[in-house]
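Each of the two complexes below includes chain A, the first together with chain B, the second together with chain C.
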Partner chain A sequence: MILWMHEARLLLRQRLAVIALGLLTVLTMAALAAGMAEISRQRAAIAAIPVAQAEDIGAIAAWVDKDKDAGSAGYYSFHPTWDTPSPLAFAALGMRDVAPYILRVRALGLEAQIYDGDTFNPELALPGRFDFAFVLVFLAPLFVIALCHDLISGEREAGRWRTLAALPNGGAALWRRRTWLRLALLWAVLGVPFAVAAAISGVEITAILAILLLILAYLLFWAGLSVLIGRLRWSSVANAASLAALWLVLVLVLPTLGHVAINRAVPLEQGAEIALAQREAVNHAWDIPREKTMGRFYASHPQWANSAPLGAAFHYKWYFAFHQVGDESVSDKVREYRRGLESRDRIARGLGWVLPSIGVQTLLTSMARTDLAAQLAHRDHIHDYHRRLREFYYGYLFRDRPFGKADFERAPQFDEES
Partner chain B sequence: MTEALTPILIDDLAVTYGNHQVLAGLSLSAPAGSVTALLGGNGAGKSTTLSALLGFVKASSGRVSVCGIDPRTAPDEARRHIAYLPENVALYEHLTAVENAQYLLALSGGKQDRAAIAAAFAAAGLQERGWDQRLGAFSKGMRQKVAIAVALLREVPVLLLDEPTSGLDPRATADFNALVLAVRGRGTAVLMVTHDLLGAAHISDRICFLECGRIVQDVAAQGPERFDVRALHARFAAPAKGLAA
Partner chain C sequence: MNAAALIARDELRLMRRNRVAVIASALLVLLTLVAVASSWSHQRGIEDLRARHQHAAERAFDAQPDRHPHRMVHYGTFIFRPLGALATFDPGVDAFTGNSMFLEGHQQNTANFGDVNQSTLLIRFGQLTPAFVLQTVAPLLLIFLGYGAIARETERGTLRVLMMQGATRGAIVRGKLRALGMVALLVALPAFLGLVVLTATSGAAILPTAAIVLGYGTWLLLWVTVIVLVSASACRSRDALLTLVAIWAVSVVLLPRVAPDAASVAVPLKNRLQTEVAIARDLRRLGDAHDPDDPHFSAFKRSVLQRYGVTRVEDLPVNYKGLLAIEGERITSALFDRYSGASHAAQETQNAMVRAVGVVSPAIALRSLSMAAAGTDFAAHRGFLEQAEAYRYDLVQRLNRMQADGVTYADDTATDAGADRRKRVGARNWEAMPDFTYHAPGGTALAARALPGLFVILGWLGLAAALLAFATRRMGERR
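And then the complex of A and B:
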């Protein structure tokens, strides 16, 4: 214990070490604060939905109630869906910054509504937001390098190596102790603020412990690399340069090349192209006989086939039908898109076994439920909710039932758990 | 004297770095309470001899023992019996003299009592006002006093000195020599690597001349069989082939 205290004093008297630890503390706390603020903002936005929705629906209901047209009710009513962040989401925002966490859907064609916002700048999406995962994956290795690159070479250059090595506890045990001390301090600087933030956010203790272990494992990887480079007996400058190059390759270059390779191996249309195709199909419906559209719709939805035939005037059931037919026209693309996304995600996860930076990021977003799987699950909930919405409105539209003020309250509510 | 009781024992030691043989059949022993000086030109193998005693280098043949312990197979155990002062004592400049001593003593497994350290500093001739100063402004002599104080506190049977007086002024050299003699008086075997024949003649009991990895002359430095410094200096300063003859 005495030796550990001496080593701690020795380290904490070094200005560079203190600056490095202080800077990492500030970065960690800033990232945690930024993550918590973002999640808090998202929670507040989600919490504000019921009031805003009630106002919105109230205004529409007052207007619709005049002629009790179910089509107008379905057309003008937006129904909110939301993706409540998990308690751990503050640590790894993952896809929450590129995918909408609140989506107001109408009972019209869904795919265009979902994929309308599915465009983002891939260069910005690659490193992600400034959150705890960013600090851990991208920045923490630099601090490990700063503190560990000259453990032995620094002593050799200062002329102390022989003095230390000639002491009974000054051999390999000394370097191990120094490495572990630096790791422990870096781990504490990352782990303690994280644990406090996680406890405040209501994260389960098992998840906190798992992430603390993950932090330790990632730091250990970089400390191990530093030790390996240190064994080559190069100068401190050469060690630092080599480790910085390794950081560049392992954290930036290889993940980026991996990303490009995965995208090439699994070519995929953008989600926006699905939205475009769906819109084109919907728009095309204006140019073809309405009976053709209704025939296609009734063929796939025979439960409404006994609805009264269309008259000469515009009827919303035709409008809703061609929206649904538009959705169905891109269903293959949607399935293919989803399969492609899952396939890319699977390969990226595999890459995580080789590249620790990707592995840590994948694990963090998976635990925080901010990864692709969580996004796809959320889309499934939206699809399911949208299906219930359609059935609800179709019950009025295709049976020519009047839609009054009270009927708005019967509309299905979005439930994340369903 | 048995091997276990002989603090320093080197027998027919050979050390090779790649294709270069640094030590070639070196034999040397230093009893307790003695000062042995090891002299030789650059590359003669002086520092390698110290490295072998510290367990830093692997012998290709021969034997090394420190108080009966092979430093190669049990380096930590051997180092418990050794205090080592390199040519340039480099300590931690951002720690005070007392903190440096405490740290080195902690690494040696010894007590870090401040009173004992103060007493050792006083014995080593380090002025009290320097005890709690950071070492950044210390001269080489002052740093050596810190290091020798640590060696005194460790009370080990073997003290290895690598060019201890190079770069010291005459006053500091005299202080240092007095310390070495005090250490010898406590029964420590001192092995000193040096270029300074006259300095070695002043405090050593024996002087060994090392050339091409082996001892070519082993003479008494004190007593009735004391060597003739002038003759030896003339011979030592002559071209290498003269010694080898």
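And then the complex of A and C:
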């Protein structure tokens, strides 16, 4: 233990080490604060939905109540859906800044609505967010390199290595002690602020422990690399240069190459094609006999088939039916698109097993539920909710029941858990 | 041969003998080539897809059967933003903005289907483009090759030997600068050549290309100067290396991420839900088309009746419903413009804040320069959105006008079995509607937008050069 204390004192006398540890502490805390601020902004935006929504629906209810037409109610009412950030989201914001976490949908064709984005500044999104995941994946390795690249070579260059190797508890033991000490300090600098922030945010203890282990594993990987390079008995400078080059390749170059490769391997017919096809199908309904559309609709939704036949005048149930038929006509394309997205995600995860930088990023974002998989799961929730919305309005439309003010409150509410 | 040239030749020979340096340089050139090739084919793919979609969308619009004009207002049209040739070099925000837009009546839609929404998280590591290689990777290679240029000589005591042999301090520094400058040129050459070929074959404007070449040339020259400066000031080459890597990490990796975060906190954007609710609220105040007693629309009706000198809308020579649609669209569009204008202005403010940070981080300045010249920055995207909105408004109002003039009020309000047929206007009308053409900003405008960034980098180069001149005078002194 005394030896460890001495080593620590020795380390903290180095200006470089103190500056590095101090800087990493500041960066970690800043990134955690930035992430928590962003998440609390998102939570506030979600919390502000009901007030805005009540005002909006209230105004629609006021004039729909005169005619009590369920079609107008369904046509004009937007219903909010949202994706509450997980407690851990602050650590890895992932795609939450570019994927909409609030989306309002109507009971009309969903495929024309579900790909809509929210307002964000693309120039700000381009460089990526400054969050804990960034500090860990991008910056922490540089600090490992700065502290560990000259553990042996530095002593050798100072002419002390032979003496140190000859001491009891010297040599390999000394060098192991120094490596572990540096690792422990870096781990503490990253892990302690993270654990505090996570505890404040209400992250489960097992998740905190898992991420602490993840941090340690990632630091170990980089320390291991430093040790391997150190074995080559090059000069300190050569060690530092080759480690920094490795960092560049592993953290910057290979992931971007991976991105190109994935998008090449799994070409996705742009989602725009779904929207184009859906719009054709929906608008085509105006040019064919309405009975044909209704026939198709009733075939897949027999529970409404005993509804009264259409008269000469416009009826909203036909309008809603052709929107649904339009959605159903592109369901193959949607499935294909979805499969493409999922296989892209799968390959990226696979890459994570080979490239620690990607591995840590994917693990963090998937634990924080801010990755593509979480986005797709959220889309599924919206799909379910939209189905309930449709059924709710159909209950009035196809049974010709009046839709009064009170009925607005009966509309199904979005529920993330379902 | 003068001393500086000799020293440069010597330094280059040393680099050539260093196997790691040679491999690293070769890898970088290879990476640039891969970036150019992949970026080029990616852009071509996007370009083809957009052209195909645009064509299909236009054909579909023209091929619509007889329709009630208001149906066409809702049928709307899809437009796609074509990218300039330089987007291959720096695609900028394209992957984030999306590039297709659905235009219809009563709604101002956002651009959809950005690559980012169908990509994995890897996209957040950066995109492999020639711009990325020159902005981010090339400086680090120069650091590896140049950190020891002078520090090595100081450390080993060879600097004094050189000086004793009659090489002046200036000559030594100039020689090292020249050697590293040659490497920088070699590194930039593939990307620059690709850029020139791109410009020549696509008929793009020369000025933006010149701005990009000048900007990136200055950027690399700035790094060469900084590297020699740090190398001349450091006592040990390891200190020089660590200092340079730290400078690089802060200015190229850290600040470009921190600055946008700070800007987005300082100027929050209103989200879509709040905007839509606010627009609906304003709309109710301005004129509620659903309210038969609404003061605005009552006044509108009176003024129309007065203008035509009749007492009932049924007696109007035009279809009153069409006039109502025109008036309604005018009101909603004005609101849309106001709200999107406010949001765009807020985003411009955010970007201006980031650019202000660019004064201390030339990497940010270079990034804005590059995107501005390539026409892939927010300003260019905003230009597209505004043109799209102008086109949408024009198209919708033409259709509304058609409803006013081509469909009678009696038919439009009839609900008998044959009414649907009588409400429709001929299909040949759709072909007569103008297609959307995007007017890309001209070369001079793009180059002009790149100028501020260029000035910042040039300023930094001047500062670094001055510091180097100062450091040169003190070089080799015992410290």
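The rule we apply is simple: the second predicted complex is superposed on the first by the 379 of 418 C-alpha atoms of A that agree within 3 Å, B and C clash if a C-alpha of one lies under 4 Å from a C-alpha of the other, contacts with A are read in each partner's own complex, and residues count from 1 in each chain.
One rule holds in what follows: a contact is a pair of C-beta atoms (placed from the backbone, for glycine too) under 8 Å apart; a residue touches a chain by one contact, two chains touch by 3 or more.
This is a predicted model, so every value here is computed, not measured.
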{"item": "Chain C versus chain B, contacts on chain A by residue", "value": "C"}
{"item": "First, second, both or neither for A:259, with chain B first and chain C second", "value": "second"}
{"item": "Chain B versus chain C as contact partner of A:306, first or second or both or neither", "value": "neither"}
{"item": "Which of chain B and chain C A:206 touches, first, second, both or neither", "value": "neither"}
{"item": "Contacts of A:268 with chain B and chain C, given as first, second, both or neither", "value": "second"}
{"item": "Contacts of A:159 with chain B and chain C, given as first, second, both or neither", "value": "first"}
{"item": "On chain A, the residue positions that both chain B and chain C contact, one per complex", "value": "none"}
{"item": "Residues of chain B defined as touching chain A within the complex", "value": "54, 56, 75-77, 79-80, 82, 84-86, 88-92, 94-95, 99, 102-104, 106-109, 112, 147, 160"}
{"item": "Chain B partner contacts - residues on chain A that touch it in the complex", "value": "2-3, 6, 9-10, 13-14, 158-160, 162-171, 174"}
{"item": "Complex interface listing, chain A residues touching chain C", "value": "16, 27, 30, 34, 37-38, 41, 45, 48-49, 52-53, 55-56, 59, 63, 78, 80, 94-95, 98-100, 102, 104, 112, 115-130, 134, 138-139, 142, 146, 150, 236-238, 240-242, 244-245, 248, 251-253, 255-260, 262-264, 268, 270-273, 275-276, 279-280, 283, 286-287, 312-314, 337, 340-341, 344-345, 347-348, 351, 357-358, 361-362, 365, 371-372"}
{"item": "Chain A-facing residues of chain C, complex", "value": "20, 24, 31, 34, 38, 42, 49, 53, 56-57, 60, 64-65, 67, 71, 74-76, 78, 80, 92-93, 96-98, 100, 102, 109-128, 132, 136-137, 140, 144, 147-148, 237-238, 241-242, 245, 249, 253-254, 256-258, 260-261, 263-265, 268-277, 280-281, 284, 288, 290-291, 343, 347, 350-351, 354, 367, 371, 377-378, 381, 415-417, 419"}
